[in-house]
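The same chain A turns up in both complexes below, where it pairs with chain B and then with chain C.
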Partner chain A sequence: MSASSHAPDQHHGAAPVGGKIWNGFTASLGILIFIMVAVLAMRFLRGLGAVTNMNDGYPWGLWIAYDVVVGSALAAGGFTVAFITYIVNRGEYHPIVRPALLAAMFGYIQAALSVMFDIGRYWEMWHMFWPKYAQVNSVLFEVALCIGTYTMVLMIEFSPVVLEKLGWHRPLKILNKLLFFFVGFGVLLPTMHQSSLGSLLIVLGPQVNPLYQTTMLPLLFLTSCIGMGLAAVVFEGTVSSLAFQRPLEKELLGKLMSVGLWFMAIFLLLRFSDLAYRGALPLAFKPTFVAGWFWFENVLFALPLILIGSPKSRGKRKRLFLAACSMALAGVFYRFGGYLVAYDTGAGWHYFPSVGEIAVTVGLIAFEILAIIIAIRMLPVLPAAGGEKPVVARSSLAARGRVD
Partner chain B sequence: MAARSLPRAPCDEPEGVEPRFGIERRLFIKIAAALTAAMGLPKSAQGAVAGALQTARRPSVIWLQFQECTGCTESLLRAEHPTLEKLILELISLDYHETLMAAAGHQAEAARKSAMAENKGKYILVVEGAIPTKENGVFCKIGGRTAIDLVKETAADAAAVIAIGSCASWGGMPSTTPNPTGASSLQEILGKPVVSIPGCPPNPYNFLTTVVHFLTFGRLPELDKKGRPKFAYGRLIHENCERRAHFDAGRFAIQFGDDGHRQGWCLYKLGCKGPETYANCPQILFGDAGVGTWPVGIGHPCIGCTEKGIGFEKPIHALAELLTVTPPTQFARPAEEQGKGISLASAAAVAAVAGVAVGIGAKVASNLGKHDDQDAAAEAKRDEKNPG
Partner chain C sequence: MLTRREMLKGAAFSAAGAAAITVTGDAEAREARPMPEEALGLLFDGTLCIGCRACIAACKDVNGMPAERTKLEIGNYWDAPLDISGKTLNVIKCYRDGAGTHKDEVKDGFAFTKTSCMHCVDPSCVSACPVSAMTKDPVTGIVHYSLEACIGCRYCVEACPFGVPRFTYDTPFPKISKCQLCEPRYADGHFSACAEVCPTGATLFGKTKDLKVEVARRKALKPGDKTEFPRGRIGGTDSYLGVIKKYVEHVYGEKEIGGTQVLHLSGVPFDLLNKPALPDVAPARTSETIQHAIYRGLIAPLAFLGGLVALAYRHMRPEAEAAKPPPAPPAPPAPPAPPDRRDEPEGDEKDGGVP
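What follows is the complex of A and B.
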């Protein structure tokens, strides 16, 4: 039960990276966040119309398509890695659990924040969670409740890291005993709302181009988000190993990517057989913008299979990184495709994100990056470098104690 | 009503009005009061106006008609008050008017010439209709001479030049895209500002009031930038509209004959151009045709006939731009905007974000490539050391 009894997967002690937080890069992130705050001040004082290009025909703009739908899918690494590590019981993935959870937590915080920006009457947001007002038949209700709950679960999952840093050993001990429940819950919830994000498009019916509109959407969203989440973990692992001069867990990330490859293949198989079954495939060969977008996505989905299809190529850092970029972008474009490009609400309606909307999205991304940098520098997230003694080696995130 | 309390100054003893204008003295005073009010003058000026109406020398008026439908003249003559046209015709000496004069052919031209010669520098020139300019103006000729010629010749010695109706004021319907004849306004032809009374047709009172102002004070009323008398065109229709309360409350007719339309709600969503059209229709109504009779009053959206670029140019049911007030943000917007497409700024922002992302990605990739090369070199070395 105690951490020491599971020594084999314990040798990766985590430690804060330390170092100065403020430099040119983080200061630029600060400026981007400041711009976002200024735009948001306008948005909250003068309404959505003052800042965004959203309208009755396009009530979901960039903030929903990117910050919520894409943002949460990129954060899917949290639950996938937790699933692989704790439920499939592969202890070797332990060193990347914390970075994955950290990225997932801020990804979901970003999603939750942008929902708050996006809701017109934000002061009535609490109605969603109030049984008297809740609209239990709505897909959006399911998504909102699920994302809200999962964001809290992620915080609980990540809290041992903070408790370690603070040196609060007693609460940590209690939490470690309960954590198995949250890890299990934390794997279940994202599968629910990631597929519901696809169901949202089903609800829009014929307004979504038949190339995208299918009852398979929930499954397509789920399979693609797993690939995106894993790719994001690989991306972040690679970039942080470069940025903080930490050893790159090359083999581990390569294995993760091979899991992602399976999901890319499943996705493409599902997508094309569904299109053929529905007879919508001819639409892909019409010279339309949507069709062009559709093919671009599919190339991105297929590219990782070519780049790192062989085990040898998975040993190359550059290929691994490019494949991860492609895998993540494929899902990003797929979601933009479904929510904005293939969505046509009728003649006369237009949407393209305004500068203000883009500024908020960029600011939120900057916020996420800055928060992750600060967390990595101050908290025991990344595996300790080389022979360096980890600050707290023994107590890691740990439903493992139970689930193992 | 107003006449009863009017002080009797010597000049406003309207003794001869009954035989001259064929109306009762009381009615005459009422009209004088109405004109004074329309000009925006104080009550005390009523006496001066009434006096001028009786005593001022009748100015000679030359009324030219070009690309027009005679609607302006018709609306003057068919006004609800049988007295109005009488008043107009009695106040001025209409020496040349193709619709009304008995003379024809050379006789008519001679009338114009002699009026010009007799009243050189004193006559008023009124122009009705647009003036074609393409092909040297051959599209409109009178007595073998083009409209451009005629108007320039007649305007040269006029004391005042008035453009009546939208066509003469800003080109009107004949100038609607694609404007095959190059129809132009009087102002454009003469190259100088003239008094414009736009409207299709304009309210006869606005014309009459302008003339009376000239008679009373010897000068024209104050004009706005487009040459329109401020007393008539100083405010938006929207500002004094009888349906304005419905606009402010967000109650709109959506279709002709729907519930809102039957209840007299705001016509903005049917395309009413009141919010961007300057005219005094809500106050003095449209064609002087009786109570409540102006387009908005009878349930048709204003088409913006007094405004260049709006009347005959903007589709009748296209939404007007809100020039002055917009409802507070807490209210439902009067019309749902259908959204904007891509703008230069947003495209640039997207391109910048994409550029930065691709740049960082490429840099990371090349960095990783170097590491890969180092790995490969190390591996090769190891293989050399331990062959097999």
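What follows is the complex of A and C.
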């Protein structure tokens, strides 16, 4: 396959899909975004309590647990694919670098937007980046700084696609010379904040159930997010190949999943040996909701190993897709587990997201999907039908032959 | 070209990176924080409290906190908050069992307890706050809140194991509320309002080291003994003759998460008073030990970055592209074997790309 082109500017073969942007589906996304804006208007006029169920027992709700913690982890495909392609130097993954970076960029934009909605005194948010207020012992300080920087790095990593579209060759040339730095930096940053998203829970101490509270949290979050990111790439790749009638990079996606399998196995090994070491394992066999949740997660983590453990099974599209869903959901449930289910700050506190909170989360996801659709239609992101030649046209529908 | 070797190299490199980033920090664990020499605090002796709630009213008054309407079985009240909140910094709560006739007894008894900031020696809120809005005074040890710095992220609310910092959810201009021991009132000879107005000395203000001596003195006496109980602040002139009741062994706050400057004595076990059972080690200490191990001097991240950038440079420069042999056809380099055993490179592609 296209192992000969290595720098991101040489994604010959990527081309805009073209076509109409507005149809029934994208219009419904627009409606969901509109509902979100209405809820947010209420939130900014009347305060967080007016639209959310957050309280002093659960000061962090859906917006942090899903939009920030889960959302950014699902966007981990950006750095894992960049790592495999440019650091490990496996050029065959080129066709999926751009879609992965695109999804990652909007995943992180979604997380950043969500933080702005969630933070009570949002007009002071710049304090996070102002030396006078810096608090280097705070895990959240590191997370905020790192996510903020990485969102910008993602934009830089993705900008060649935009420059290419605009035909700005000079800036593109300069950028391409420097891109190696941003690729390296863009791998470091997520390893830092994805692990720190786990470390955030350590200071909560005994309020987090011992099934989840451990000094291994940073490693558990890092390993699970790699699986989530790769699975999300496979998910998005499968869906977009169907939606835009592009050839499915099945073989590549299968290989990505086999990398993911490793991390599922490492996660489970780490998790159970740590639980055994701390003597917390008996808690998993108590008839509690947390324990049930814990086992459900573990099943989701283990399922991909069973589904696509053999290379043959990775050739089956449906299995691959199912395994990707399981791998992604495993990390999603693990994060909800740590941040909400296993968090117990004392008797009398309850939390379940309000309709308003859910509407905002759904609206943000709709925004992310809509932005990705528009980008895919207008920018050279997906591999064009027709293979290696620098394709400019939007000859999208023809099946893509294998170049051997 | 891309072979197993290359893959292993990458894997080894990332493993080294991960190891560098998660170096075990045991040797350099962040030390436990000592109690500041002149630390200020409160002693709450539940056996002396009569539940008059004068402290709640005084606290609201001097701190300019708004009244709260509370729905109770007997009607709605403006002066009976059941818990601390964004509008209330201090409450007295009551334990009651059965007939509720015997003070400071578990069976058919009742007992009072106070909820307010414990002013931890190693506070989770201070460690958590990303913008230095929560700070611990190096001299008095008072945990201060700065509205000016706060961004309203509520990580302090999330982190505090005592559930103390509270947030105002009902306003577009929210803030965090917590007891700061009335420090602005010290200049003109006042001290914490709750202790100032307490008629029985159940809440006593003073230096934590003096309060600890007082705790030891009370616990050394026998139930029924008569003794002088100081009122207001320790070392002051106001005191009265009272009777020592039976205390439980545990002094709440002495060891909890590395110790607190506010101490509690009680006649009934603290779990009945809904005081959380906490470990001796401060979660802030654990958290910071790990953060420091990973980020100390930014050495590990910078080394990792150097390696990443060097490899990215090597693999992305144009000459590298030119020098590369042409892509080898089918047999793709073997992906890493998943833990369950499997045989190596083999053509798992039956059909070409779809559709």
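Keep this in mind: the second predicted complex is superposed on the first by the 374 of 404 C-alpha atoms of A that agree within 3 Å, B and C clash if a C-alpha of one lies under 4 Å from a C-alpha of the other, contacts with A are read in each partner's own complex, and residues count from 1 in each chain.
Please note the rule applied: a residue touches a chain if its C-beta (ideal position, glycine included) is under 8 Å from a C-beta of that chain, and two chains touch if they have at least 3 such contacts.
Worth saying up front: this structure is predicted, and the values here are computed from it rather than measured.
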item: Clash or fit (per the criteria above) of chain B with chain C on chain A; value: clash
item: Touching partner for A:Ser195 - first (chain B), second (chain C), both, neither; value: second
item: Touching partner for A:Gly57 - first (chain B), second (chain C), both, neither; value: both
item: Touching partner for A:Leu270 - first (chain B), second (chain C), both, neither; value: neither
item: A:Gly49 touches, of chain B and chain C: first, second, both or neither?; value: both
item: Comparison of chain B and chain C by chain A residues contacted; value: C
item: First (chain B), second (chain C), both or neither touched by A:Ala284; value: neither
item: Touched partner set for A:Ile358, first chain B, second chain C, both or neither; value: first
item: First (chain B), second (chain C), both or neither touched by A:Gly184; value: second
item: Single chain C stretch clashing with chain B - from 41-49, 59-67, 203-211 or 311-319; value: 59-67
item: Chain A residues contacted in one complex by chain B, in the other by chain C; value: 46-47, 49-50, 54-57, 248, 317
item: Footprint of chain A on chain C - complex, ascending; value: 1-2, 6-7, 9-11, 13-14, 17-18, 21-22, 85-86, 124, 127-133, 149-155, 157-159, 161, 163, 166-175, 257, 274, 276-279, 283-284, 286-288, 290-291, 294-295, 301, 304-305, 308-318, 320-321, 324, 326-330, 332-333, 335-336, 338-340, 342-343, 346, 348-350, 352-355
item: Residues of chain A defined as touching chain B within the complex; value: 46-47, 49-50, 53-58, 238-239, 242, 248, 316-318, 320-322, 325, 348-355, 358-359, 362
item: Chain B residues touching chain A - in the complex, by the definition given at the top; value: 329, 333, 336-343, 345-347, 349-350, 353, 361, 364-369, 371-372, 375
item: For the chain A and chain C complex, residues of the former touching the latter; value: 1-8, 10, 44-50, 52, 54-57, 59-60, 83-84, 86-92, 118-122, 124-125, 127-128, 133-142, 144, 179-181, 183-185, 187-188, 191-192, 195, 199-200, 202-207, 215, 218-219, 222, 241, 245, 247-251, 254-255, 258-259, 261-262, 265, 305, 309-312, 314-315, 317, 343, 345-347, 399-402, 404
